[in-house]
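The structures come next, written out as structure tokens.
Shared between the two complexes below is chain A, which has chain B as its partner in the first and chain C in the second.
Let's turn to the complex of A and B:
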């Protein structure tokens, strides 16, 4: 080992080689002492994080898993085995909730990614007042969700809401339409609000990625005769693909677990039309004090997200091989 | 047949004019190098020829056709960028094929053209790799390959070797020159490195402050620099300048240096008058060590000595003026040490003389060289 190190610096004189060797040995001894203490020191440094992770993540997860095998409520706990899971498997309503949740996620994430990409492209274009537009798209993201949702509650209101009023004036609606009171429109209204909240972040991340693309690539393509759409398709999209897929996964998990928007707008109604898994879990566990059944739902959510993320990571690997640099 | 004419082209960014009414003619199959210091406008001028920058005024004419308002693709040019501008997510094959795919060429044509370009550039075994897996020199070849497949009228190179290490740069210089001979194409090449300009160009355009200082063959620029700027820019190491006063114009031109020595110089003295301040340009390689005991033209205090084997380069300060930096390229085995003073003689026929405006005076006895 020492000899190889020495050979690598073969241009040095013999004296220096000997010196190097000595210093290497001396360094080795020193390093051995410091390796042990370094290990403990590193452990000491991460200990607070580990401690909090155990308390905040690991323990609640373990507790949830335990609860999912219990019939637990305000009156006490009783072990019921897989009964909670069996109920879920047999519940048609639960199956519908799972399907609705994935539909909610795919619809909302697709719209966020599409609008985010369009927004980023427009914000990246050399237009006057570009900096102002970049600031103007921020509010949906930066204002508290509850306040934004109250605004949307007014917009969706049948009697006083702008949407209902404009719809009637344009002849699209026969009379006042309470958007959040009808099964279909309530679900899609929640999607629209979720997209409104989530798009700016996607836009800004994609914009940052677009600005990182070497301008020479566009000029080279321009010299070769590639038009705007061709350049966008063959340069911009592949170049920002790693950010697109990362943002899509990030956004998917957030949307899957999005609770506040639905709860403020519809509380999962009407008649469960906008109830997703997370809302359902809250209703069962906190609303009806059925902690065991709620815990079983949480475990199912974790498993579903785990499967989803694994499939996604596999696809991501394939995508990165295609669009990566090596 | 591919000629380029620039007719009084200028370029302004806001109120700042960076290119001042440049006119230039590049002949068919010529290798022309734009050289100059940073910010002289050489890259901007190249980008104007490419169509990446619009000329504020003037015309760009390629093969007799005014292309000033044409898109880059319609000018019949191709360009190699300093950063190579390779698409990192595409393979070497797809990078080279890119311009052909834009033109919607058939798959068979693409395959044949890419194969041919890869053979010329010795990239045949690298076609399935991505740019990130290649060395700097190989990436540069891919960028050139992408230019070749378009079969352009004029190749434009924007400092293509500046990201390479010195050894590779030397190799690539030779390869590019060979490629030029092989393709018989008109090439315009931008660099700030005067060695690249001297070694590769048929003709060199020296730019300074957005204007052409001089346009000519490498040896023409070396032996007949029109201005002090060109004289100082072309040649490695740089030319030395000594301040002097015109002492006599009746007979031979006699110039007195500040150390009391006088030099009789064979240049056109018709515009000079006695008492006028001039600069004498002496190339480091034209200096000789004076014999000990004789009076030397300049005495140099040696501060740094570079032994390159064949030559020894001396850097120091001289006694013929304000002690400014002076450089001499002497015999490789010259017995010199750092810290000592050496006497150097100047050969008058090899000197250049510049008037107070920096304009060169015509040399009357020029070495018999192929210009």
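Let's turn to the complex of A and C:
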């Protein structure tokens, strides 16, 4: 709210600000007023963005909070207090969904970070063709997720998909396997696709971080006879640690909210086996028009993410201080 | 010397790269092969990687199966381009403020912006639906452009700010001393210098907007003529049968615009994206 007020003033004072500039230029004095105008100029510059996000993000958020205390649908709204939250607290299915979502997040993010690290290391190696390889890993990120998922739908198909086909020829599967039709494999298939979408970005950022490491460190270690693995473990990893932890958090939030992949591959099924919080919310709110119950879920999601991010940052601060990497 | 690899290590490295690329590109290869197969041969069991009946028929027939296909691809490009335009309109001034100017609540408001990233569009769908309804924007291009812009502003500010901070301050100060106003300096001195950064942010925003249309499209827009490709693609899943080969062909053709842009600008893009991340 404070921001909204100051931004209004900022918009109004544009003319004054131009005047200020002129008087500054003409006189070459009045340093103090020009500092003041810097503030107003800044407010004027960020005002449109702030204002826009207040309408499109903050207002809906406030509205969500209000709705979460309502029984709301297409018909109308009625205040029900904490009933929606109480239902969630008591619902065993919801508890399972929460656990599944965190499992989904940890599994997917760990794999993304691991693969991203491996990929970045490979692409960082001074081998011919690496410029080309760097371009070739990017398509999963470049194309729309929904379109990439169409390819995966095909891959996971039991009758004519390559995974089932090759699996059978190698004798790993004793018959066509519909990856998306079984509870376990549907969940893990969605994880694989999510990792596929997320890994290029992680690789790219870790690669950039690796290239930012001072080469003198490696040279010094090399002169001292340190092997490749040792240099990787004791120089590369600690040096790029800040980027790793930032990427992990960013990736975690993104994965937690990942919707398209699950929706297209399984719609949360079979029998809820791949339903994460976000898919559950979508089904309840948009699918069944239970806006109030959906809103309560959103509030829970935001709180869970908030708690997760704070705990993560807290632990991280301690960890980084302990290892002395900033 | 230090970077020299033995033959064995080189082989190992290339095998690693090959495996990694296989994972990244497998779906595309599969999609391409599927698009070449006649529909009746698609479902052949046991699985065959190569068959001798490949043809490009699907690429011409798909336009008949889904008559609006061309329109969907156009919509995708149009929506992403509009999102890019409006996002830059918001992001350029704001990121300049964060890169150069001192003002109260600077750090707090910046983290406020970045906090928006916490709520991916999916979380806010319900109330957003109502907000868009209140503003009368449902079932129009705006229904997909407006939320797209909102969720890309934070990322845009973050990236462009990092770039602007690297432009030497002296040039602006020189213009300032010469009597140029702040707005003039921003427009005539800073913006031309920031062009590479603008390209990076623009392309990033375009790619992301192109990629993330799906959820807004299926939720906020019921008008068929306005659907972007990812949503329109599902029309190949018909009442009777799914013309998989044409669907794959359409998907591949549909990603061409964004792939072309990426290929031409990837050099800037990769450098620029990572500049923001590695700074600290």
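Everything that follows uses one rule, which is that the second predicted complex is superposed on the first by the 280 of 326 C-alpha atoms of A that agree within 3 Å, B and C clash if a C-alpha of one lies under 4 Å from a C-alpha of the other, contacts with A are read in each partner's own complex, and residues count from 1 in each chain.
Quick note on the criterion: a contact is a pair of C-beta atoms (placed from the backbone, for glycine too) under 8 Å apart; a residue touches a chain by one contact, two chains touch by 3 or more.
Here the structure is a predicted model, which means the values were calculated and not measured.
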Output check: A:205 vs chain B and chain C. Expected answer is one of first, second, both, neither. What do you get?
second
Kindly classify A:272 by the partners it touches after superposition: chain B alone (first), chain C alone (second), both, or neither?
neither
Using the superposition on chain A described above, determine whether A:49 touches chain B (first), chain C (second), both, or neither.
second
Chain A residues in contact: does chain B have more, or chain C?
C
What is the contact status of A:217 with respect to chain B (first) and chain C (second): first, second, both, or neither?
first
Touching partner for A:287 - first (chain B), second (chain C), both, neither
neither
One more residue to check, A:239. First (chain B), second (chain C), both or neither?
first
Once chain A of both complexes is superposed, is A:73 in touch with chain B (first), chain C (second), both, or neither?
neither
For A:166 in the superposed arrangement: first (chain B), second (chain C), both or neither?
second
Shared chain A contacts, counted only where both chain B and chain C touch the same residue
219, 222, 326
What does chain A use to touch chain B in their complex?
214, 216-217, 219-226, 230, 234-235, 238-239, 241, 322-326
In the complex, the residues of chain C that touch chain A are 2-3, 5, 10, 13-14, 16-17, 20-21, 23-28, 30-31, 34, 42-49, 76, 89-91, 93-94, 96-98, 101-106, 109, 112-113, 116-120, 122-131, 146-147, 149-151, 153-154, 157, 179, 181-183, 207, 210-215, 219, 229-231, 233, 244, 247-248, 251, 254-255, 258-259, 262-263, 266, 270, 273-275, 277-278, 280
Chain C-facing residues of chain A, complex:
2-3, 6, 17-18, 21-22, 25, 37-39, 41-46, 48-50, 52-53, 55-57, 59-61, 63-64, 67, 115, 118-119, 122-123, 125-127, 133-148, 150-152, 154-155, 159-162, 164-166, 168-169, 176, 196, 199-200, 204-205, 207-209, 212, 218-219, 222, 242-243, 246-247, 250, 253-254, 257, 259-260, 263, 278, 281-282, 285-286, 291, 294-295, 298, 301-302, 305-306, 309, 326
Touching residues (chain side chain B, partner chain A) in the complex
50-52, 71-73, 77-79, 81-85, 87-90, 98-99, 102-103, 130-133, 146, 150
